[in-house]
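In what comes next, chain A is part of two complexes: it sits with chain B in the first one and with chain C in the second one.
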Partner chain A sequence: MSAEERILKVLEGINEKILTYSGENMMEDGTLDSFELIEIVSQLEEEFDIEIDAEYAVIENFANKETIISLMKKLLKE
Partner chain B sequence: MKGIFEHIVVIGYGKITGEVLSFVNAQKEKYGYQMEFIEYEIHPVSITHKICTDEGIPYAQIPEKAKVTEKLLSIPEKTLIISASNNYLFPAEVVNKDNITVINFHNALLPKFPGRNAPSWAMFEGETEAGITWHYVTPGVDDGAIIVQKKTQITPDMKAYELAGILMNIAFEGFCESFEGVVTGTAPVVHQVFPPNRKIYLSKMVPNEGVFSLDDSPEDIYRLLRSTDYGLNAIFPHMKTNYQGKEIEITRYRKISADKKEDDGSLYLPLKDGSFLKLKYKEL
Partner chain C sequence: MTINITEWLDKTAARFPEGLALHDEQEELTYLDYRKKALGIARSIIEKNIRHEPVIVYLEKGVNIPVSFFGIAYSGNFYSPVDTVLPKARVSVMLSVLQPKLAITRHGLSKSLDDAGYKGERLFIEDICPAEDDEAVVTSARSDRGEISGAEDLLYVLFTSGSTGIPKGVSITHRSVINYIEWADSVFSFTEHDSFGNQAPFYFDNSILDIYCAAKSGAALYIIPKHLFAQPVPLLSYLKEHRITTIFWVPSALIVPAKLHAFRNVDLTSCLKRVLFCGEVMPARHLSRWRAALPDVCYANLYGPTEITDACAYYIVDRGFADNEPVPIGKPIRGVEMYLIAEEDGKIRRVSEGDSGEICVAGVCLSPGYYHNPEKTREVFVPNPFGPGLMYKTGDIGRYNVHGELEYISRKDFQIKHLGHRIELGEIETAADSVAGVSRSCALYDSVRHKIVLFAETSNTSSFIEESLALLLPDYMIPNKIIIMDEVPINCNGKIDRTLLQEYIT
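Let's turn to the complex of A and B:
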């Protein structure tokens, strides 16, 4: 399974609406709440055995599934 | 059934407030009230602002307590104030005003755990169930009559942020179930019976005062860490302990199976079910 598929699987397990969301800010649009954001960070850390610092937990990185995948690819390269 | 309020004010932030706003707005023709929203705590990402804009709900950002109080005291109509996930503390002059009724949602099964961070305290105290309470607001702290309560289980590996999220969801369920009774004045009113030496949990209080001993049972340590875990929302400081004569703080923890143990400088504490509690730490 590719890293992107693993990310999408984590997101689907937390809130499957994230996968079909096509807007630019799923927190402001009410698709994602703050507790789910914490859950996403926690589960991605476990899935990839990395630590995601608080500085990355900004809405720009969790605006939709594309920005989350982009963030994770960046963190996994570091 | 006719409503007894001419005006409803919603105050709060976040998901539960957004859900309450939409629900109350959808009922206003049925019960004959006007409504408005006050945002006291301004958040950079505001779902409530969008809902108000989309649904045409009058909206005001008032980040100063004195001005919120002034605004509420100036309302002449018979008014219901709905406080949902809100940190504006209602002064007695508002709560006691003849034309004002205030209801609030608390994230515990009152009279247990009044005050702040109730999900953490329920988990830390070893409760197997938690819940929410919608109650009438008095000048005291979470001591008004109960309108409705909803329960959920605290599962063995649950973390504080997971419980808090579940409580938000059942809070909205409870609100929907009790709303008609509140706006028609027919909701059951159950006065709280307080235990002797009622304890109010303050925001500065931390479970176990934020420290533990490595001689404590790993299950107790795991429960302490879970009960203070709000992920990146650092509501509580990292838990501290002593290891090899030095003070350390736990930066990460995880329950893992025995085959996942590594020689990576982490502490591994054996749990009774055969798994291990992995603790990452840094020296202070």
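Let's turn to the complex of A and C:
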């Protein structure tokens, strides 16, 4: 399974609406709440065995599934 | 003795006229401006000859809401804030309960009020001029009001979820708020050097501590932009930048920075002095993270439903807790009695020491009841068998721990706390049952994942149900997950088998 597929699987497990969300800010739209944000961070940390610093928990990085994937790609490269 | 909350603003504006009073993303007001604007609102209301009436405040969150609250109080009326993002159907129900003759709003929101069926007069916040001859306005308003400016008059009506689908308007008097704020001030010793970082929406009663403790002490009230609460580092940076000394948040808001270890990124040791929380259970493990990062801060757990003026019990954290230990709700605040009761054959008795029982509250904090709803009022505000007056049956189960501190255990019915909001699951079910094609539904709470789950017996799709519910319920009541079933399981009594469904989600 590719990294992207693994990320999508984590997101689907937490809130399947994330996968079909086509807007620009799912936190502001109410698709994603703060508990789910925490869950996403924790589960991605576990899935990829990395630590995601709190500074990355900003709306721009969790605006939709594409921004989450691109954040993770950046963190996995580091 | 204070008999009207406006006296605090009078005194503070005289003591600290140039002190910062209110701050939001667009605007800042000094105490002098705060009072003048409030008096301008009062004058406009008085000119309409409206008294003893509910005035709704229909504005987006910002400095103009507390200003309107004070303006309405100066005018001898009482306020009821209505969230501008609520579905029209829900606003309409609230309006039918309140029957308001006046709304404070802005031009851009006026059509939404029309759409919700509002027919009363409107005051547009943009058109109201601050009252320059303020003393005359106050003097004339107060002498005109005569006896109605007393402490027993209503200050506000706030709506809470109702199990039958109709939200209940909880009325609260000046007297109850004065008792609560004077108690909070005596315990936490707020001064003009403090700054409050407000999280609670102004239609939620946690905000009254922020608004009125600030106005009484001369502290500044910073209205924190909502979007920051999901971004822990910018949130803590905001607190640091504005030198916030006091926060009174729901635990849901405190959990995010704790869980993501945001304290590593922002050091708040030089500014934050008090962290108060209320509105839902504070998990001990997250409290421990706050305490480890900021050990010199005063942490306090407050407890109470809207019906008893925000909080009637408190516990100042004085020790560490294991992750699975409950953080106590402590002891009653000044002027409040609390009892743990059991009911058998219609008789109420206090439970034995160490046993659990329903938490009942009596004293100055009690609401006079639900606005224009004597039936619901009689159900939960009952004659106090242990003292004078009435007591309020909270529906919460509690017990005293070995330290003699009260602990919250659970609800005795289907009320939940979700993201700090009090929700009757029955209200979600009533809304779901009203959706075309739904023959039966059951709403449950997954407290581990913090999700509302709705089971619906229908041939419709979950997205259709969700879209329909969005027209009836506030955002925070929309189920996070909707499970469509051919048949909802029924138990031997012919009722929906909630136990089986609860097992299914956990």
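Going forward, the second predicted complex is superposed on the first by the 78 of 78 C-alpha atoms of A that agree within 3 Å, B and C clash if a C-alpha of one lies under 4 Å from a C-alpha of the other, contacts with A are read in each partner's own complex, and residues count from 1 in each chain.
As a convention for this text, contacts are C-beta pairs under 8 Å (C-beta built on N, C-alpha and C of every residue); 3 or more make two chains touch, one makes a residue touch a chain.
Nothing here was measured: the structure is a model prediction, and the numbers come from that model.
Engineer: Who does A:Glu66 touch here: chain B (first), chain C (second), both, or neither?
Structural biologist: After superposition on chain A, A:Glu66 lies in contact with neither partner.
Engineer: Just to be sure I read the superposition right, which of the two partners does A:Asn15 touch: chain B = first, chain C = second, or both, or neither?
Structural biologist: second
Engineer: Name the contact category of A:Glu28: first (chain B only), second (chain C only), both, or neither.
Structural biologist: both
Engineer: Which partner does A:Glu4 contact after superposing on A: first (chain B), second (chain C), both, neither?
Structural biologist: After superposition on chain A, A:Glu4 lies in contact with neither partner.
Engineer: Can A:Glu46 be said to touch chain B (first), chain C (second), both, or neither?
Structural biologist: After superposing on A, A:Glu46 lies in contact with chain B but is clear of chain C.
Engineer: So chain A touches chain B in one structure and chain C in the other; where do those two contact lists coincide?
Structural biologist: Common interface on chain A, chain B vs chain C: 27-28, 30, 33-35, 38-39, 41-42, 52, 54, 57, 59.
Engineer: State the interface residues of chain A toward chain C in the complex, per the touch definition above.
Structural biologist: Spelled out, the residues of chain A in touch with chain C are 15, 27-28, 30, 33-35, 37-39, 41-42, 52-55, 57-59, 62.
Engineer: Which residues of chain C touch chain A once you look at their complex with the stated criterion?
Structural biologist: 227, 229-234, 252-253, 255-257, 259-262, 264-265, 419, 449-450, 475, 478, 480
Engineer: Across the complex, what residues on chain B touch chain A?
Structural biologist: These residues of chain B touch chain A: 14-15, 18, 44-47, 50-51, 159, 161-162, 164-165, 168, 230-234, 252, 254.
Engineer: Which stretch or stretches of chain A touch chain B in the complex?
Structural biologist: Per the stated touch rule, the residues are 25, 27-30, 33-36, 38-39, 41-42, 46, 51-52, 54, 57, 59.
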